[in-house]
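The following pair of complexes shares a single chain, chain A, combined with chain B in the former and chain C in the latter.
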Partner chain A sequence: MPSWPSNTKYIGAETQRIDAPQKLTGQARYSSDIQAPGWLYGMILRSNLPAAKIGGINLDKARQIPGIKAAIALGDGERTVHFYGEELAAVAGTTKQACLDALRAIEVDATPLPFVVNETDAKKDDSAQVWQGSPNFSQPSTREKGDVDSAFPKCAAVIEGFYTTPVQIHNPMETHGNTVSWTDDGLTCWASTQGIGGVRDSFAGALQLDQSKVRVITEYMGGGFGAKFNAGVEGILAARLSREAKAPVRLMLTRFDQALAVGNRPSSFQKIKMGALADGTLHAFEMDNYGTAGFAAGGATGGGGSGVELPMPYLYRVPNSRVTQTVVAVNAGSARAFRAPSNPPASYGMESAMDDLAVKLGVDPVEFRLKNDPSPIRQREYAIGVEKFGWKDKYQKPGTSPGIVKIGVGCAGAAWPAGGGSRGTQAEAKIFPDGSVELRLGVQDIGTGTRTVIAVVAAETLGLTPEQITVRVGDTNFPWGPGSGGSTTCPSVSPAVFDVCNNALQQLQTLSGMADVRGDNWSAACKKLGVTPLNVHGQWQPGLSESHACGVQFAEVAVDTETGLVTLKKVVAVHDCGLIIDKLTLESQINGGVIMGMGYALYEERVMDNLSGVVLNPNFETYKLPGIADVPDIDVVLINMPERGVIGIGEPATVPTAAAIGNAVANALGVRVSSLPITPAKVLAALGKVPPAVTT
Partner chain B sequence: MKDSDTDGLLGAHSRRTFLKSLGTVAATAATAQVQSVAAELEKINAEKIVGPGAVPVILNVNGKKLTLQLEPRVTLLDALRNYSSFTGAKEGCDRASCGACTVMMDDMPIYSCQKLAIEAQGHEITTVEGLADSGKLSPVQQAFFEKDALMCGYCTPGFVMSVTALLKKNPHPTADDVKHACAGNLCRCGTQPRVLAAALQAAGVAANGTTKTEVISHA
Partner chain C sequence: MNAFQYATAQSAESARELAGARGMYIAGGNDLLGLLKDYLVPAPDILVNIKTLPGMNQIQRGDKTWAIGALVTVAEVEDDPDIQETFPGLHEAAAEIASQQIRNVATVGGNLAQHSRCWYFRQRDTVCLKKGGDLCYALNSDNRYHSLFTGNTCISPVVSSLATMFAALDATAVVLRNGQETRMSMNDLYHAAWENPLAHNSLNAGDLVTRVEIPVARGRSTYMQVSDKHTFDWALVSCAAAADVDGGKLSSPRVALGSISPVPHQVEAANAFLDGRTLDDATAAAAADMILAGAKPLEHNGYKMPLAHALIRRALSKLVA
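This part shows the complex of A and B:
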């Protein structure tokens, strides 16, 4: 079995992102920048009713708008729409303005139907049904271990809490969308996607094309976070518009569209009861949780939940547990995978309960975790974090911080069960007689630094510098690679690149007759190729990657008890991801995980209007993201574990942040705000200074 | 927030500026009513009405003249990205809330999605494509490169322009000045700590209390 070299020059060091100059100078062409010859704008008309019977759609007037080259309706004849923002029709035209005019000219015969957008209301017997004739909720699933009912009486301390998390929207800076050109020769799509292979396969399936006739290109894309894996309705519409107009169509969603129809993280409503023995050992755990994954969930669809069901009890050893979970449908856009699906809400529920129980037992929250966490890696990370954060000096009994602005600290642990490599990953290397090297992989760089990782591993293996490696990704014409999800890209590409480069060394040795072709000998060996470049294939090999990263984070907050404002002062993030490939891009990913977790903790929430059924904040003015002035000092500590091989980091880095912040706020106030996001109104309500918000 | 020095521009660069300018407009209107409504009307009527069809628009982008045929309702961002090949400025929201479209107009950072192309005539527009000098990254771009102040890179041109405009006006900013200058730029990947570090490095200012990192080997 192959193994990573132990003395390395580039692996584990800091290498600047190799595509940064292109991105910094505006030369990088993102999917939304593509200007295919003769391209048209595409736009989608969406339902302005949360539930309706569509009798028909008349496109005649839209087609007459000057500049409009194609107009299509989604579906033939009568149909039912299930959420505000569902796609009805699409147009393609020569200008954005013509398309806007055309959308206004489309006539829709729609009859409103009853709807429900609130998951708590949707569970009631008299609720409107999202799918006529079927209940809004799935058959609850129950997992049981040990004997919970007889375990609780043996506990020295028991807490009960109701911890809730909101629907969170992905909001990548580049919205979803594609430029599609569909001709008799086949279909080419420039996609803003995390998975070019998945996009190709979904086009081929939906349009009944051979996979060999579909090419998907994603040179640069502006973020995905789990929501951009397939062609999507918008991609299929762009293809149909292109076919009708006989021209390439660029159809990028608007920011509003993005908030309505292309994914979100499901909500959770976690009723938790948890008890520990007198020695601080967790003994019993019971949870009843429900949440919504949008309209395509609940009883009528077999309960497909996209992350509603949480892996509880999270992280900790609990001998007796019973976990009951229900997926609820509402009239809203469907959930999709969202950075560490199920884990941040599980972390928030479990880690909040952990702190509440620690307080009741009168023990230090870190000590309580160390007592119950079976992971030796997290045990070590807590020890490091306690020291770096200064936990022993900073931790005070809850609510004892003096003054109006109260300081509090909290911590939480992370786990991510995936993060290993995808076995089918392939790589191709072209070695040219002049010594230049090109690596080709059918993966995509979604901003994580995949190109740079490929260059680092290739440079290390060949004895060259990363600048000497040309990396090409983002094209289904290249050897197959996985979609970028589950923190799997780095552990997929690193072994495949290592393999192809080792194969290249072997073949070059044979062809050149030189025993050592690396480094200083590289150029001389390549010259011996004559005029024929060397084409080498390689693939993912076992033993070079692993899964299951851990991590712990500590947070310090200041809470103004007069305004309710929470300021995040400091985060210490201690993480491991096996063998570190590029320290620089790795740290950026951890910063990103922390900041996204901060948004989840303090600002982000999709707000639905119960009366009209619309999303009230489908924009950045009212759906708040952390800004540069909100972001705290973040100290990142990495534990390098080369013996484990490469593990992905994107997801574990965002798992514990919201829970750690929530615990810090509870520590500052002495009362818990048990609902994310922790807004000033909820802080003041928890302090009894304003009445709690009415939620139904 | 780019509200500190924008009184002469009607670009509505930020919510705060927008509100401020609303106040100014209201006050101006009230004064005008008292003084001379007729004179004001005469002035407005004297302005040339263009459109709704396409009209010639001449833009000065990165020091070069760009002649386009545009409907008057076409924004500067739309003109740059879709009527010419300056796709460096990005569209993230098209409503002045994300900053990905930030360009400089006469050295002032503006949201190009909120400026009509016809209004941008007669001004010097600088996009992210106009910063590198014959292939050499500008000091701000170089600092972003070194500090890894970018991830997916979609918001990056906006941040680069905001920081560049700040350093033109204030070559020695504090960390708070940088935060203020970039308050109108959103990033979803989480590059903010390193944008701050890069901006301070580009200015040659020592960073205090920004993100620190270290590696501990697993022995």
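This part shows the complex of A and C:
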């Protein structure tokens, strides 16, 4: 079995992104920058009702708008709309304005139907039905271990809590969308996707094309977070418009669209009861949780489970547990895999309960975790974090911070069971006689630094510098690579690149007759190739990657008890991901994960309106994301574990942040805000300062 | 958006003429273009560029009165060292507005004339009271960002940070109406919205805000707001206060609040109560009680009561600090 070299120059060091100059100078072409010759704008008409019977869609007037080259309706004849923003029709035209005008000219025969957008309402017997004739919720699923009912009476302390998390929207900076050209020769799609292979296969499947006739290109893309794995309704529509208009169609969604129809993280409503024995050992856990994954309750997820069901009691060893979960349908857009599906809400519920129980037992929350967390890696990380954060000095009894602005601290642990390599990953290396090197992999860089990871591993293996490696990714014409999800890209590509580079060294040794072709000898060895470049294949090999990263995070907050404003002061994030490839992009991933977790804790929430059924905050004005003034000092501490091989970090980095912040706020106030996001309104309510509504 | 003509005016008179009955003025355009793109207001026939109007981008520093032209940008207000010296609250209010990019383009006139930010008004598919419908959705549904006071059945609050500060400074908007200069207090400028759900301010079609006049009467002023986020977010509640302070004693104090009423919320009785008093915690709290008396917290905006109370007390104590 191959193994990683032990003395390294680039692996584990800090390498700046090799494509930073292109990104900073605007030369990097993102999917939304592509201008294929003769391209048209494409746009989608969406339902302005949350539930309706559609009698028909008339496109005649839209087709007459000057500049409109194609118009199509989704579905023939009658159909039912299940959520506000559901796709009804699409147009392609020479200008944006022509398309906007055409959308307004489409006549839709729609009869409103009763709807429900609130998951608690949807559970009631008299609720409107999302799917007529079917109940809005599944049979609860129950997992049971030990004997919960007889376990609780043996506990020295028992807490009960109701912890809730909202629907969170992915909102990558680059919206969903594609430019698609579909001709008799086949289909080419420039996609904003995290899985070019998946997009190719979904086009081929939906349009009944040979997979060999579909090419998907993603040179640069601006984030996906789990919501961009397939062609999507918008991709298929762009293809059909292209076919009809006989021209490439660029159909990028708007920020408004993003809030409605291309995925979200499901909500959770976690009723938790938990008890521990007198020695601080967790003994009994009971949870009843429900949440919504939208109208299809997970049926239309683009890349994984809906994430309603939570892996409880999460990180902790509890001998007796009963976990009951219900997936509730509402008239709203479907969930999709979202950075560590199920884990951030599980972390929030469980870690909140952990702190509440620690308080009741009168023990330090870190000590309580160390007692009940079976992971030796997290045990190590807590020890490091306690030092780095200054936990022992900072931790005070809840609510004892003096003054109006109270300081509080909290912590939480992370787990991500996936994050290993994808076995089928392949790589190709071209070694040119002038010594230049090109690597081709059919993966995509979704912004995490995959190009740089490839360059680092290749440079290390060949004895060159990362700048000497030309990396090409994001094209299904290249050797197959996996979708970038589940924190798998780095552990997939690193072994494949290592393998192809070792193969290249071997072949070059044979061809050049030189015993050592690395480093200083590289140029001379390549010269001996004459005029024929060397083409080498490689693939993922076992023994070089692992799964299951851990991590712990500590947060310090200041809470203004008169205004309710929470200021996140500091986060210490202690993480492991096996063998570190590039420290800079790794730290960047963790910073991003913390900031996303901070948004989940304090700001983000899709707001549905009960009266009209619309999304009330389909923009960055009212769907609030952290800004630079909100972001705290983030201290990233890494444990390098080369013996484990490469492990992905994208997901674990965002898992515990919201829970740690929630615990810090509870520690500051002495009361818990048990519902995310923790807004000034909720803080003031938790402090009992909000007067009742005046009814007149 | 719908098609429109575009013209550039060289004088206030020609601007009025060009606009006609169904035209609109455009300066920074931050608010107007969003309204037009989302089809939230009746489409204008013509947009009249007023950025070229002479003299309207000046700050005039008089002994008794300052005049800030309507075309002065929010960033210019924020960055002007004399404003920071003379009207520190105005500097603070400008600095809280939106983002640097928006402040660079946004004008004082546009900030005052901006339309409702109510999320039902801004939602393209709801026809609320303000858009001529028959229902105030906010009143019956999610009103977390809405008013504690209103004179009608629309609870969309005024959100202009400058209006709130100008109210505390007792400033006057000078509006060109039918060829005549009309002078409006901040209360006058928004009064129509107090009474009429369809209005968001008292400006008629063709009215042009030319400048804001601020009396140099109060040596101390301050503005503070709390939002969900730390920057680039609308105020949940904002509070402006201004007064002369002599040995801890307030004279001619004025307090105004934003985001809790369709008009900058002012209670003259509270101003009178504070006048001549030495501020202490009890006095500040009593003033806050008076200012918030009669408020009608709804299902989701009751948190604005303690928040406003705190901001009033803090703004007053900052005045005398």
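One rule holds in what follows: the second predicted complex is superposed on the first by the 682 of 696 C-alpha atoms of A that agree within 3 Å, B and C clash if a C-alpha of one lies under 4 Å from a C-alpha of the other, contacts with A are read in each partner's own complex, and residues count from 1 in each chain.
Everything that follows uses one rule, which is that contacts are C-beta pairs under 8 Å (C-beta built on N, C-alpha and C of every residue); 3 or more make two chains touch, one makes a residue touch a chain.
Fair warning: this is a prediction, and the values are worked out from it, not measured in the lab.
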Looking at the overlay on chain A, is there a clash between chain B and chain C, or do the two fit? clash
Is A:T25 touching anything from chain B or chain C once the two structures are fitted on A? First, second, both or neither. first
Using the superposition on chain A described above, determine whether A:G223 touches chain B (first), chain C (second), both, or neither. first
So, A:G627: does it touch chain B (first), chain C (second), both, or neither? both
One more residue to check, A:T563. First (chain B), second (chain C), both or neither? second
Scan A:T94 for contacts with chain B and chain C and give back first, second, both or neither. neither
Broader residue contact with chain A after superposition on the shared chain, chain B or chain C: B
Please work out whether A:N48 is in contact with chain B alone, chain C alone, both, or neither, and reply first, second, both or neither. second
Partner chain(s) touched by A:S436 [first = chain B, second = chain C, both, neither]: neither
Considering only touches as defined above, state whether A:Y84 meets chain B (first), chain C (second), both or neither. second
Stretch of chain C penetrating chain B in the combined three-chain arrangement, among 61-69, 97-105, 115-123 or 277-285: 97-105
Using the superposition on A, tell me which residues of chain A are in contact with chain B and, in the other complex, with chain C. 97, 621, 626-629
Residue numbers of chain C touching chain A in their complex, please. 1, 117, 119-120, 122-126, 135, 137, 140-142, 144, 226, 228-234, 236, 295-303, 305-307, 309-311, 314
If we count contacts the way the header does, which residues on chain A are in touch with chain B in the complex? 12, 16-17, 19-21, 23-30, 32-33, 35, 41, 95-97, 171-175, 220-223, 225, 252, 254-255, 384, 446-449, 576, 580, 583-585, 587-589, 591-596, 619-621, 625-629, 631, 633-643
In their shared complex, chain C is touched by residues of chain A numbered 48, 84, 97, 100, 256, 560, 562-565, 567, 602-603, 607, 609-612, 614, 616-618, 621-622, 624, 626-630, 679-681, 684-685, 689-694, 696
Give the list of chain B residues in touch with chain A in this complex. 15, 71, 73-74, 78, 81-82, 85-95, 97-98, 100, 127-129, 131-132, 137, 141, 144-146, 148, 150-157, 160, 178-180, 182-183, 185-196, 209-218
